[in-house]
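Structures are listed in the sections that come next.
Shared chain: subunit A. Partners: subunit B in the first complex, subunit C in the second.
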Partner chain A sequence: MSIGSPGSTVGVEDHPASAEPERAKGVAHGKSPTRIAMDRLRKDKVAIVCASIVLFFVLIAIFAPLLAKLEGGNIADFNPKLIDEFGFPTIGVTPDHWFGVEPRTGRDNFARWVFGARPSLQVAFTATVFGTVVGVVMGLMAGFLGGWVDRVISWVIDFVLSLPYLLFAIALVPIVESWRGGSMNLTPEQQSSTRFFVLIFVLSFFGWAGLARIIRGEVLSLREREFVLAAKAIGVSTPRILFRELLPNLVAPIVISASLALPAYVTAEAGLSFLGVGLIEPTPSWGQTIATATNWFQADPIYLWLPVGAITILVLSLALLGDSIRDAFDPKTRR
Partner chain B sequence: MQVKRITAVAVTVLLAVAACGSPSSKGGGDNGSDGPANTTQTKVMDAAAKGPAADVEGFKKGGTATILSDVTPSTFDPTDTYYVDGFQIQKLYFRALTQYRLDGPDHKPVLVPDLAEDLGTVSDDKLKWTFKLKQGIKYSDGSPVKAEDFAYSIKRSFASDIFTDGPTYQRQYFKGADKYKGPWASGDNFEGVETPDDHTLVINLSKPFPDMPFFGAFTLFTPIPKAKDTKDAYQSKPLATGPYMVGSYNPGAELKLVKNPNWDPNTDAVRHQYLDGYHFRFGLDTLKIQRQILSSTGPDASSLTYSNIDATLVPELNQGNKKDQLIQGPTPCDRMVPMDTRKIPLEVRKAIAAAYPYDTERKVAGWTSLAEPPASTYMSPSVPGWENYELPGLNGKGDGDPVKAKQMLKDAGKENFELSWYYSNDAKIATQRSQVRQQALEKAGFKVKAIGVPTAKIREVTGDQNAPVNMFKSPVGWCSDWPSGSSWAPVLFRSDAIKLGNSVGQLEDKALDAEIDKVNNMSPEEALKTKAWINLDKKIMQDYLPALPVYQSRSAFLVGTNIGHPINDPTQGMPEFTSLFLKQP
Partner chain C sequence: MLYFLGRRILSALSVVLVTLVATFALFFIAPTDPAAAICGERNCPQQRYEEIKKGLGLDQPKVKQFADYLEGLAVGRTYINGGVERECKAPCLGYSFKNDRPVLEMLGNRVPVTVSLVAGAAIIMLTVGVTIGSMAAKRRGTAGDRVLVTSTLVISSIPYYIVALMIALYLTIFYPILPRGSWTPPTDNIGKWVAGLVTPWLVLGLVNMTQYVRYSRGSMVETLNEDFIRTARAKGLSDRVVTYKHALRSGLIPVITIFGLDVAGMLAGAIFTERIFDLPGLGNLVLESLVNFDLPVIMGTVLVSSIFLVTANVIVDIVYSLIDPRVRLS
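Right, the complex of A and B next:
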């Protein structure tokens, strides 16, 4: 899929496809691969639009309390007077309730929507950062050290990849609750926060293995290269070789993997919450809202479209942005 | 008396079906129940009732009615049945000792003899019930019904290892019940039943059981010939005594009933045989079948369902005369907010009543005036002798007065009194309702400890009468097994209810026990005349307040446009199937 504009060709001409040493020469011209990628990205209109949308959602999540205050709504207040006897909202969009109110409970839709952006992004970003860091470290170690370290890490990677992650997510909640003193002793908020951290843990735990495997493969081919051998020969310490010599060459796969993992985690959080194993009341989350709203779709479509639209736009933007980043970092891309 | 049964199904049905639309809610003291419900009933029993049953107006013969259902009855074995849907369907093909006739414009239940000649006579020591049986009754295969068949089906009900879900009164009250384990394990010798001749059934009790005639209406008293019994396979090809018999039964999917040629209408004071047959279909999608029935195109016009209407369909009722397709009426169930009287003092209970957010909880829970109108009594309006009364502030309406409640707490010197309850933390509505209560009660100066429990465990923890919480121990609602005041106060508010696990409010009051016993020992007519049950109900609420009344559950089910005489049976909260006909067969 070619997304970038045809104009984004800066620095490409000098670098024939898959000619690594010559690319190293290109770097010597004064532009690092990262720099080249950034230049390409800047010229990519889709990337810019998507980045702005993602930034928009990030700002919404950060300023959620402020926005809700501005509107005057509250995520926890029930407004039974704004819904009729059968649960249908009696008001539409009003100055007090910018997106109307929830059916059945009368809670403010706008406040719950802006707060709903928080868990999605928090879970996705935390899980991505954690998964990436662990994946890279594990991959580097396995690939570079080889021997028994490689065998152990590879075994752990295979083990993690073979675990059923949905079952794991479901089973882990009661276990963690019992660590925190048993569900009977937790307040609703504590139970909800337990779910939140379990979700982050599960997603990160299952996210690092794939990346680690990719990194390991890359390192296996890189470690036999001359610059690594040279570094070894002059006695550079192993951590230094790993992080100073090898890591810069791995920026592309890491950034690509992270940018593709983000939207996947956003959907995973919403999906798990929709299924009832993710976040629970009273924490607002888009996935939960979608689960409830499907019952009200005919009578109150906006209630469903708000979170569905938000997730669709956010995930689409993240995915397209990830695609653009991959294109920008991939020296093989020709436009 | 233990009334465990409908709770399970009723609660499922009630919770699963967020019910629906209402005629404009009436203001004033009327608590939203139907108008004529207050007509005085003078009879709860009619021992002289004779067949045939009086015809319904405008009936036509022929055709087949289709009953579409989202729930699947767990069993059709007469001994194992303890759920309202099973009872109501089997009423079409099984006859028991007694049965309910629905009288008058508001279909008040009156207990009448069915296969018995009378409603039974009790000996002076109240330990022996004698039922004279009708003669000349035949099974659907033409063989005669004998007295020992009744005795056999009673013995059969003691095989609790095979029939695990059936009613348990016989195991509590019948003589020798502690030793007898059913005909397969213990043989035919059981001192609990005797058949001195071919048309007399004698039941020996170990302790008095004045409600025996009501219990006689349960399907476990239908005769089963020992030679034809096939244990748990009997339900697929049973011998029928009612106007219909099983044509084919496909477990979990469908049941087809056809006319029973050996049914004599002259012996039956309750049932009709207007239709050629009934076709029950189970396990269907709730919303889909309700839409089908509502639109009533083609064969769907001759169909009906028995789950309450889904809230999302309510707006459609206002189109044309669709409202006529909604059948309403009382059910034997209601719902309360129980408060452990051993842990919460009376003044604090009154403060809770003043602070309770009924309206918000109703909306959040999806309760409507159609299926769950606010209640001001503990007893259900389906009970004969029920009359509405309303104590100030205790009517299931309003949204609480935190200022007043706070003052009441302060006057009692119980500020920051801690209230605690369990709720299902993976059920969205239950969690939201808990939040509503917590917010309102905290505003009124209570401390609240809401404990989230997985739904799979909630029954177990709330079912413990000594659980370390002080509100919302089960039962939080009640469904009576028969339309009599005796299946309310004596079961819920006596001290021994704690041991039986039925107590609402865990009352332990000797004076109240004596008072309940006094009413329980009256004859049904006398209790009805003196309004003893409803007066007792009011006194308990006024003096003890073990629970706040919340709602009375009501039927609100949809019928197709071609269904004639669709009425609600208040004894079950189900459509009355035996008097249905098709307007255009």
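Right, the complex of A and C next:
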């Protein structure tokens, strides 16, 4: 990147980035808050470990079909030969079935476990993206436009936040399902995929309000600042002010809120599936496996501990990572 | 003060009213078909289907249904089903689609369970959490403090239902160290009531306590650095009095706010605890009603829970304004 030796001014005017080598000598000179946060995160051992664990699960989810093929198992194959007349599996860990088989159905545990990582992460990531986008847009509009737009949006935010979240989420699942044709007229596959979208809808519906409130507050103070006034004065359009001037100043709250939302959504998805209102057969999901496995936990502990361990470790890493990210963005914390 | 109270209660009422409209819109205007659900899945004779629909009042226009529901809530209404008239006194939440019992009575049977569960857990949560938190604040920076803070962070990051489930499975069934969860009304047998609830109390209370350790520790650390604490020390008061009488009183204010909201949230959402320990509370009622699409019951529960939540919000605000006069001015 450097044009000319440090100290020379050749090309500096046209390429401001070329001034970097010189700056690097000084300490924390003109770094953006995001850069500072990234530097802090890189030095944070807990964050690195947690990020690696999360990455591990993401890779499992992405390469689930490959991993299942490697083992030779299949999520849908029933193996009645491997279970006895009472439904208990007759085999433990074997080269063919790395984690044994499911009680009653004899389906391969390993395959269902690796595929179970998919819905968890897909639901959580999609809901986070939706919740964040809606929250940011609503917060920006309410804070910047003010007037009746602000009043309406603020009222909706207050309303959503005052609803009993878990109860509504549970009650909403069959309702939204019925918008898509009702549970009775669908095949199990259709119903299962419907549930997937219902979950995303319900989670993002309750997820956007908190962020919107934070963004609104930030925008209220930002919009009086000189750079926004200047942009207005030279006639920059409102959407451009919102997304090009204001949004870059809101990176920290957005990243923090998203990183704390992720573990909450993984927890919620598995929890709702555990209660029977989330994902259902034939989609493999950890929460649902836990619900079934509680009936077999004495005879077949591995069946229970696989999803329990996975969810615990994944949520714990995501939560601690979110915590580290929040600390990294917070100028007040010093280590 | 009176003006503040009035305004606060009015705004709470508006939220309850809108919750009512929203739940009604969701559950009744949505193209759901409880009549078909009651009649039994696919092969339902048309005539029987129409009869059920009429009996439930589902053949009426939606606006009329809502007006009837509101009327029932405010002054009561009369149900006519198959020539039989039934008086449903206000506040009338209708009859269950499934077993034809008054929803209010069903809720009345469930509320004591949830309230007993939450009350016990809340006491554990607040007392143990605040005690440990203020002890940690006093010993701030020591190894014990750091271990405590880290462990509470880790415990509160693990999904609650996993912890509860594992304790239920391994400590009440596999190794029966703790009694299993069950429900006996305290009026019947108070010993059995305690025995059936002690494990859920401990689990719900101790897991949620971890947040209170963090809240109260943070709040106490701040308070202990304030000038009035230094003054109290300078006066020669004992360490005990300074920490637990002067600092705790002021440091507890933010904790109490969160506590009020948490208790309300638990009343509306102790679903996992109720499900895992098999307690017939409000949350379990919703899960049972979902299977049959029992709209009046679901709606009644949602409504009652929302009222809990909104009321708790109001109480917290009022208590807060009593403790801290600055709130009223803003």
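One rule holds for everything that comes next: the second predicted complex is superposed on the first by the 281 of 335 C-alpha atoms of A that agree within 3 Å, B and C clash if a C-alpha of one lies under 4 Å from a C-alpha of the other, contacts with A are read in each partner's own complex, and residues count from 1 in each chain.
Please note the rule applied: a residue touches a chain if its C-beta (ideal position, glycine included) is under 8 Å from a C-beta of that chain, and two chains touch if they have at least 3 such contacts.
This is a predicted model, so every value here is computed, not measured.
Chemist: Just subunit B (first), just subunit C (second), both, or neither: which does A:P80 touch?
Modeler: It touches subunit B, and subunit C stays clear.
Chemist: Between subunit B and subunit C, which makes contact with more of the residues in subunit A?
Modeler: C
Chemist: When the two structures are overlaid on chain A, which partner does A:V308 contact: first (subunit B), second (subunit C), both, or neither?
Modeler: In the superposed model, A:V308 contacts subunit C only, not subunit B.
Chemist: Applying the touch criterion given at the start, work out whether A:G276 contacts subunit B, subunit C, both or neither, answering first, second, both or neither.
Modeler: The answer is both, since A:G276 touches subunit B and subunit C.
Chemist: Have a look at where A:A299 lands relative to subunit B and subunit C in the superposition and call it first, second, both or neither.
Modeler: In the superposition, A:A299 touches subunit B alone.
Chemist: Classify the contacts of A:P174 with the two partner chains as first (subunit B alone), second (subunit C alone), both, or neither.
Modeler: both
Chemist: Return first, second, both or neither, reflecting whether A:K31 touches subunit B, subunit C, both chains, or no partner chain.
Modeler: Neither subunit B nor subunit C is touched by A:K31.
Chemist: Can A:K45 be said to touch subunit B (first), subunit C (second), both, or neither?
Modeler: In the superposition, A:K45 touches no partner, neither subunit B nor subunit C.
Chemist: Check the residue A:P164 against both partner chains and state whether it touches subunit B (first), subunit C (second), both, or neither.
Modeler: The answer is second: A:P164 touches subunit C but not subunit B.
Chemist: With the two structures laid over each other on chain A, which partner does A:A319 touch: subunit B (first), subunit C (second), both, or neither?
Modeler: second
Chemist: Same subunit A residues contacting subunit B and subunit C, which ones?
Modeler: Shared contact residues on subunit A (touching subunit B in one complex, subunit C in the other): 174, 184, 276, 298.
Chemist: Could you pull out which subunit B residues touch subunit A in their complex?
Modeler: Residues of subunit B touching subunit A: 18, 20-22, 25, 311-312, 314-315, 359-360, 362-364, 366, 368-369, 399, 425-426, 428-429, 431-432, 434-436, 439, 449-454.
Chemist: Would you tell me which residues of subunit A are touching subunit C in their complex?
Modeler: Within the complex, subunit A touches subunit C at residues 158-159, 162-168, 170-175, 178-179, 182, 184, 263, 267, 270-271, 274-277, 290, 294, 297-298, 304, 308, 311-312, 315-316, 319-320, 323.
Chemist: Considering the complex alone, what residue numbers of subunit C touch subunit A?
Modeler: Where subunit C meets subunit A, its residues are 15, 18-19, 22, 26-27, 30-33, 36-37, 41-42, 153-154, 157-159, 161-162, 165-166, 169, 173-174, 265, 268-269, 271-272, 275, 283, 286-287, 290, 293, 298, 301-302, 305-306, 308-310, 313.
Chemist: What residues of subunit A sit close enough to touch subunit B in their complex?
Modeler: Those residues of subunit A that touch subunit B are 76, 78, 80, 83, 85-88, 104-106, 174, 183-188, 191, 276, 280-282, 288, 291-292, 295-296, 298-299.
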